[in-house]
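To start, I am sharing the structure in question, which I have written as structure tokens.
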Amino acid sequence: MSFDVSLIIDSLPKMLRGLGLTLQLLFISSFIGLALAVVILLMRISGRWFLSAPAAVYIYVFRGTPILVQIFVIYYGLPQFELIRESIFWPILREPFGCCVVALSLNSGAYVSEILRGGVLGVEKGVLEAASAVGLSKRQRFIYITTPIAVRLAIPAYSNDTISMLKATALASTVTLLEVTGVARTIVAETFAPYEIFIAAAIIYVTLASMFQKGFGLFEKRMSRYVKDA
Amino acid sequence: MSEDGQQPIIVLEDVCKYFGDFQALKNINFQVQKGERIVVCGPSGSGKSTMIRCINRLEEHDSGKIIVNGHELTNDVKDIDAVRREVGMVFQSFNLFPHLKVIDNLMLAPKLVRKTSKAEARESAMRLLERVYIPDQADKYPSQLSGGQQQRVAIARALCMNPEVMLFDEPTSALDPEMISEVLDVMVELAEEGMTMVCVTHEMGFARSVANNIAFMDRGEIVETNPPNEFFNNPRNERTKLFLSQILSH
Amino acid sequence: MSELSGWWDDYFWGAMVVLRVFVVALVMSVVFGLIGSAMKLSKSRIAQRLASAYTVVFRGTPELLVLLIIYFGAAVTLTSIVQIADPNVKFVDIPPFWAGAFAIALIVGSYMTETFRGAFLGVDPGQLEAARALGISNFKTFIYVRIPQMWRLALPSFGNHMLSLMKDTALISVVGLEEIVFVAEMATSVTVKPFTMYIIVALIYLAITTVITLSVMALEKYANRHLQGSR
């Protein structure tokens, strides 16, 4: 056995073609997930049980099960039902891409809503009392005080979650999608050089992850200009 | 109590407040006339903060009546908002909005609650910052100021809404000694301008020179209310005497 | 749910496999985490660098990819080693159980590294000095003062790592471990009821993660018992 560095260099361009799909999965799911997370968060902190209970159950289920299993339930499982096959969602759920986006979005919605809730709970009570004392309504307090402070508090955890999402996109390869990991697996099947090819793929992911981390770090720094030791 | 037949601006009648089983306020009766300056003191845990926070409904009382400037405090949101607009509050821990610059801390409520124009809000905010002697800090963030400066911003922020009454909850007890006087000076000036004030504080010098009346609280009750001279020189209640001997001994 | 009859025992044994991988990987990941944090806290530059590289790489690479590298990499390596002795061997099979447990442990160990390091640094140095001042030996201080506090600090994120570890076990079906996802696949091909079969898998995982969450909560309560009543 030998370690063939030129194989890494040869395969990188091929895998970079899978990168487009990886990023699509990541960005689309993160976007939908974030929107979902805000809705779930509002339900959770609404103080009404018929809103907060379903939100809590949703979070519990999606955080308590592996994403791979969620993808399989959606991709392999849902077509079991006639109802699904005849619904307007079928064009999405028929495609592996659609299924992965659905699974990843639902997942990210659950995690991110908890992250945002952490931010909301991190806002000092006294600051909110001061806002009440100068006459801000509940709504105004949420928009002008809670939201900006909570967003800053949530950035580090959100950054980590984005990297988790990036890694989760690799699961799409299990349902035939040719994103970076999928491409790598097909090349390995041809060349049977797992080290070189998979390490090349890992380099792509680690580079991306570091870039995201840097980006969020800068964003946090910007948002933290009002904090003393930032 | 009323000297000129006016309605008192704050009235508490038989107010009780519980935290679970613990009774924090026991049948509080308390009045403040317009222009009056009342200092509230008493040992830790006696209910001073709780009482003052009930006045702008940061805490809800369980029984009795609280009337502020003619509005009775109930669960009616309209009345609560009306009361909060007329009552300014200053906290021990400043509680400035950390993400807003000093000037924006002052402008937020006028803009949102009173719908003042931006230019107007800025102008009156600057005027207030001058009044608390820190106009040059307008564009800094709260974390960049000293404690004394932050507390003066907090006073200015409360004044921005042109309140009828100012409530202070131990405004100087989180401050380093050298900053206490800069905050007290501002408060004395406010008093001289005729602001109605209810002030929880252990600054007895301030109480002596500014207060019309000093209320002493212990274990959820107002034990004794008297003008400063009387209060310091001739305390009636044993608990007051004990408290004074402790606080004046150092 | 009649289509499930006949599959219950397969799910049960599959779940046992999941639990076994979990325990093995958990032990390994704690070892990796302890080694990693010790290296990060050591004075040696090289050790620090190595540990940093370890965490950056394994926190940035998809779990599935790590698994594939370990599984197929080990297979290729072992094959070529065996071929030196016996050139007729075409391919050496690697047990997915061990490849999987090892891969997951490497990943989770990289997270544990940070957790342990944080917990180690989080213990108030004043207490350690107090212990020294009382004449308690360094070793005893470590055992009786430092460790109990460390584990209190580490527990919440340790719990989270256990949950991700548990969920990562599902991946090992990809390299052929006969756990519950694998069972669902088999059952689907016979019954053609994929939804039923995969939902069972999800429910089993949910049950296990619930038990883990509740245990960690109980442990946290126990670890923080001396803080009760203070505000």
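As written, the chain order gives the labels A, B and C, with residue 1 at the start of each chain.
Here is the rule we use: contacts are C-beta pairs under 8 Å (C-beta built on N, C-alpha and C of every residue); 3 or more make two chains touch, one makes a residue touch a chain.
These numbers were taken from a predicted model, which means no experiment stands behind them.
Enquirer: Name the most central chain, where centre means the mean of Cα atoms.
Expert: So the chain nearest the centre of the shown protein is A.
Enquirer: I want to compare two interfaces, A-B and A-C. Which one has more contacting C-beta pairs?
Expert: Of A-B and A-C, it is A-C that has more C-beta pairs in contact.
Enquirer: Among all other chains, pick the one whose mean CA position is farthest from the mean CA position of subunit C.
Expert: Ranked by distance of C-alpha centres from subunit C, the top chain is B.
Enquirer: Centroid of subunit B to centroid of subunit C, CA atoms only: how many Å?
Expert: Their C-alpha centroids are separated by 55 Å.
Enquirer: Quick one: subunit A and subunit B, Cα centre-to-centre, how many Å?
Expert: 47
Enquirer: If you average the CA atoms of subunit A and of subunit C, how far apart do the two points sit, in angstrom?
Expert: That gives a centre separation of 21 Å.
Enquirer: For subunit A, which residues count as touching subunit B in their complex?
Expert: 124, 126-127, 129-137, 140, 144-145, 148-149, 152, 225-228
Enquirer: Show which residues of subunit B lie in contact with subunit A when the two form their complex.
Expert: 56, 58, 81, 84-85, 87-89, 91, 93, 95-101, 108-109, 112-113, 141-144, 154, 157-158, 160-161
Enquirer: For subunit C, which residues count as touching subunit A in their complex?
Expert: Answer in residue numbers: 56-57, 59-66, 68-69, 72-73, 75-77, 79-80, 163, 167-171, 173-174, 181, 184, 188, 192-199, 201-202, 205-206, 209-210, 213.
Enquirer: In the complex formed with subunit C, which residues of subunit A make contact?
Expert: 1, 60-61, 63-70, 72-73, 76-81, 163, 166-171, 173-174, 181, 184-185, 188, 192-195, 198-199, 201-202, 205-206, 208-210
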